[in-house]
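As structure tokens, here come the structures.
Both of the next two complexes hold chain A, though its partner changes from chain B to chain C.
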Partner chain A sequence: MLPYALIAPTVLFLGVLFVIPLVQTVALAFQVKGGWSLDNFATMADDLNFHDAVVNTFRLVAVAVPLQLVFAIGMAMMLRRIGKGRDLILWIWSIPLGISDLAAGLVWLAIVNDQGYLNSVLFRLGVIARPESWLTYETPAALFFAVAIAEIWRATAIVLLIIVAGVQVLPKEYGEAAEVFGASPWKSFTRITLPLLKPSIQTALILRTVLAFEAFAVVMAIGGRNFPVIISEAFTWQHFNNDSGVAASYAIVIMAISIVATLVYLVALRTPAAQR
Partner chain B sequence: MLRKTLFALSLFASIGAQAADPVVFLSTQLRPLEAAQTVRTVILKDFKPGAEFVPEQPAELVTRLKAEAQAGKHTISLIAGVHGELQPLVPEGILTPLDDVAAALKDRGFAPDLMSLGKFGTDKQLFIPWMQATYIMVANKKALPYLPKGADINALTYAQLAEWGDALQKATGKRVLGFPAGPTGLMHRFFEGFLLPSYTGGVVTTFKSPEAETAWTEFAALWKFVNPNSTNINFMQEALMTGDVWVGFDHVARMIDALQKQPDDFVAFPAPAGPKGRGWMPVLVGLGIPKGAPDVAGAKALIDHLTRADIQITTAKVAGFFPVTSAPLPTDLDAGNKAAVAAIQKTGAAIDGIAALLPVGLGAKSGEFDKAFLDTFQLIVLRGQPVKAVLEKQGATVQRLMTETAAPCWKPDAASTGACQVK
Partner chain C sequence: MTLNRALFAAGVTAVCAWVLVPIWLIASSAIGGQAVISAWPKPFLPIGGSLDTLLRFLAIDGVWKSMLVSVEVAAITMVLAICLGAPAGYALARFKFRGAVPFRLLVLMTRAFPVAILALPLTVGFIRIGLYDTAFGVALVHTTLALPFAVLVSASLFQAIPHELEEAAWVFGCSRVQAFLRVVLPLGAPGIAAVAIFAFVISWNEVFAASVLSVRTRTLTAYLLAVLSESPLYVQFAGAFLLIVPSVLFIFLVRKQLFAMWGIANR
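Right after this comes the complex of A and B.
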């Protein structure tokens, strides 16, 4: 009886704050004027920003998540070699984690907008003759680049922390054995460290990918309406167009994508039972 | 003795005032954080027993009041919204008639036109005017030498504005016209109240007329001289003060900072005219009391407070909305406000003026209505799609919204008996 009593608050918490809103969202998305209907999804798919939003979202995830993983693993490996000051470096690297999404977006906006630091620096160096606009509908490549960099800067820390935690519990024996047999550092990294880190990488990828599909505040701050993503469209439909049905449809799309992405990682990066 | 009694009375009164709940005052206007704070700390400062100012999104006003009426649990005593936002409350029977308030405040000198708008065509006074504004243009004085030859800045046409933008681009190498097309900007009002009425004399009925095609084609041509950052601009005052924009269009309340902080650098003037006249959108904010309001007496006292001459002038000074009563503007009004008032008066007095009301009767669909204009803009102007095809498709959306809401035409479209029709 006791175990059930102990998990009851969690179940209740998730039930009230997750399952009920989920059911309500599904009802909103699939109902029009009280009847079951796919009209909301039709409206969504027919909207002029839908295609852009989907493409932008996937592009952002495809660019940001792999880079974040590479950076995080690289940083974690560097930390391994550092003795003194390791904690300080880790602490500094985790700063973006403590900053809210929106604040991070605004920091990068202050850097890349017309009067931003980037323009000032380039102007002082004589690279540009006058402030350039990087964030307009006429400069989609620069805009994407700015959003991607901000998103990578903001969220690499969470991947890093998960990887660092994984690295800390790696058994030393395998590495030492590899060294004894004369394996190069690269070989021991790809053949020993990476495979052993797989569970951590899986966790980090699931978490990061799901959150990257939901990127919102950073994108809104830097891209505004020039860079629609799925979540920002959900926000626009709810907040500006006052159509909760279409907004809920976008939410369902995001949920479906997140579930599929999670399943893909679970299958692709699974650790066979024998190795656990 | 008398002094002691008075002291005791005032003490008693102040205790009473502290005990009384503040009047809950819901407003769709003055929502931005700073503006709302100004309302609380300046405009409502001296009001006893105090008021709680609650800003609310326009589309949620109706939802919230309907929900309160259905639940029978009323929290809001006074509401403020523009004419078109309050209108959907009328068929719902949510607004209390305020003829007694109107009679009591007769000597405030409300403009009769504004007062009659508060009746919504009924014989009851359903809101009391609070404040008014419109959209104007503001230009950096550096831009004035490049005005087209023979152009009168106070009677500009869209063709001249385009010429001006062209000349400015040639002179500065930059595109310095500006429109508030950012995510929370009011760009849709430019189409609904200014561009389309100026070219077509209507908004809904003429949505896909040949005149509308001309309007969009010419506006797309003019856009070549518009700062591409316009799609990030929410408040024109910031872009004006940084110098990104030299000639900008926006709601006066969203440009007043530039005029007040740098009165020597900027001039204010009416929006341009098109072939049919000078389309403009008067914005009248009214005060209404919902049926079942918990504190009707407090709400009436607050209406009295907000329409007092000194508060009307304070509102003009701090919030960028102007008096609806005969309250004389003080001679010590700052230069920025003076410029704004002059531009608003010139707009209202223009002989070719076509007043276009805010959309009326769309209720919760007004967001989608605005979207139709913003989508049209995005497709034609930003993405360069064929004008006729876009207007055809978006016209169907507008027609659907009209049919669903059964909203009759509003000015400048000619009155209709049933739902307004896109011709």
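Right after this comes the complex of A and C.
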């Protein structure tokens, strides 16, 4: 009986604050005035911002997540070669892990706003003559890159930690054997290290993709209403339009995308049982 | 070979700069004084330290209160996550029981779903039972974010403490509870502390749920988000700086356990 008594509080808590709200979200989205209906979804799809929000969200995930993975693997490989000072470097590289996405957005706002540090550099280099705005709807590409860079800056650390944890348990013998047989470092990386890291990569991708689809405060801080994404539209409908039904429809969209993405990663990056 | 080494060192330095320079810039925006805020083009070395900007920020009506709310919410989250999560972790580590696998799955599932979204229906429910716009209500949602982490990490913490030590304590006449308190808990304490700190940071940093679930009792993040479009830049930068400082300190405190934790929690 003891183990059940020990897990009961957690089960109860998650039941009340996770399972029930999950069901309620579905009910909110698919019900209008007590009856089942797709009206909320119709309102959502007809909204002016809906198309942009979906496109922006997917673009952000498609650019930020792969780059985060590549950077994190690169950084993990660098860490492997660092002898003295490794702990210090790892600490510095994981600092963004503790930084709120809102704070990260504001940090990059300090850099890319009209009178920010980026423009100061460009001005000193003679590229621009006066403070330029990069964050308006007239400069969609610049706005997108500002948001993407802030997101990459903040969230690469989490991928790095997962990859580093994976690298630590890699058996050294394979790499040594590859060296003995004359494999180049690149070949031993692509043929041995990467395949062995697959489980870590899978975990990192699932976690990061789910979180990137709901990247909220970074976007709000830098783009505001000029850069709608699905989650910020959910917030707008809930907070400003006081329409929980449409907000919940947006939530359902994010949930569906997250589940599909997770399944895709689980299938595409599965490790055959024999290799475990 | 030396060229290789130089390139490598340059690469490592570049990544450090990529992480640190933006933090440096927000710090010099927040503590550089009025001169930096209005300067064009911006100086890269801050002009003397000055607390003017931070003090002006803190003097704004509602800022102090929101910082206190943030601390309160994070503290409640921390206590709830540990009190609920550690026993569950102990159960997973020490017992084989029917339902252990589905339980683990339930815990993992909360992480695969975008948890921020649960805040939407909870606003309705919280208004009904009087938890809307309270620190406790926000802390409850933050606990669902921190709890899976607390359960999984404490499970592996307890697993790493040899069962024999506990059995020895039983042989010498300790009850199960005594053995836990005198043998297991002291050994697991540093790890538990790290989990607690991480739960605190998760809550301190959370924006969406905190914003949706409150109007007046706002956390610092919810406050900053609410005033985002209408406040001068110095307010935003000072706020960001105050958000970052505790997090960076906390990450420093748990740096040893940090990635052991993440490695474990994501296996």
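Note that in this section the second predicted complex is superposed on the first by the 270 of 276 C-alpha atoms of A that agree within 3 Å, B and C clash if a C-alpha of one lies under 4 Å from a C-alpha of the other, contacts with A are read in each partner's own complex, and residues count from 1 in each chain.
In this text, a residue touches a chain if its C-beta (ideal position, glycine included) is under 8 Å from a C-beta of that chain, and two chains touch if they have at least 3 such contacts.
No experiment lies behind these values; they were computed from the predicted model shown.
> Between chain B (first) and chain C (second), which does A:Met220 come into contact with in this model arrangement: first, second, both, or neither?
Touch partners of A:Met220: chain B and chain C.
> Kindly classify A:Tyr265 by the partners it touches after superposition: chain B alone (first), chain C alone (second), both, or neither?
A:Tyr265: touches no partner chain.
> With both complexes overlaid on chain A, does A:Phe50 touch chain B (first), chain C (second), both or neither?
The answer is neither, since A:Phe50 touches no partner chain.
> Just checking: does A:Ile254 make contact with chain B only, chain C only, both, or neither of them? Give me first, second, both or neither.
second
> Quick check on the superposed pair: does A:Ala165 touch chain B, chain C, both, or neither? Answer first, second, both or neither.
second
> Is A:Gln115 contacted by the first partner chain B, the second partner chain C, both or neither?
Both chain B and chain C are touched by A:Gln115.
> Mind working out whether A:Tyr137 is in touch with chain B, chain C, both or neither, as first, second, both or neither?
First partner only, chain B.
> Chain A residues in contact: does chain B have more, or chain C?
It is C that touches the greater number of chain A residues.
> Do chain B and chain C touch any of the same residues on chain A, and if so, which?
Residues common to the chain A contacts of chain C and of chain B are 115, 220, 224-225, 239, listed in rising order.
> Can you list the residues on chain A that touch chain C in the complex?
2-4, 6-7, 9-11, 13-14, 17-18, 21-22, 24-25, 27-28, 75, 78, 81-82, 87, 89-103, 106-111, 113, 115-117, 119-121, 123-124, 131, 153, 158, 161-162, 164-166, 168, 200, 203-204, 206-207, 210-211, 213-214, 216-217, 220-221, 224-225, 231, 234-235, 238-239, 244, 247-248, 251, 254-255, 258-259, 262
> Which positions of chain C touch chain A when the two form their complex?
8, 11-12, 15-16, 18-20, 22-23, 25-26, 29, 39-42, 44, 80, 83-85, 87-88, 90-92, 94-95, 97, 99-100, 103, 106-107, 110-118, 120-125, 140-141, 143-144, 147, 151, 176, 201, 204-208, 211-212, 221, 224-225, 228-229, 233, 236-237, 239-240, 243-244, 247-248, 250-252, 255, 258-260, 262-264, 266-267
> Sort out for me which residues of chain A touch chain B in the complex.
Residue positions touching the partner: 48, 114-115, 130, 133, 135-139, 220, 224-226, 236, 239-243.
> Applying the document's contact rule, which stretches of chain B touch chain A when the two form their complex?
57, 59, 173-174, 182-183, 227-229, 231-232, 242, 244, 364-368, 370-371, 375, 378-379, 382
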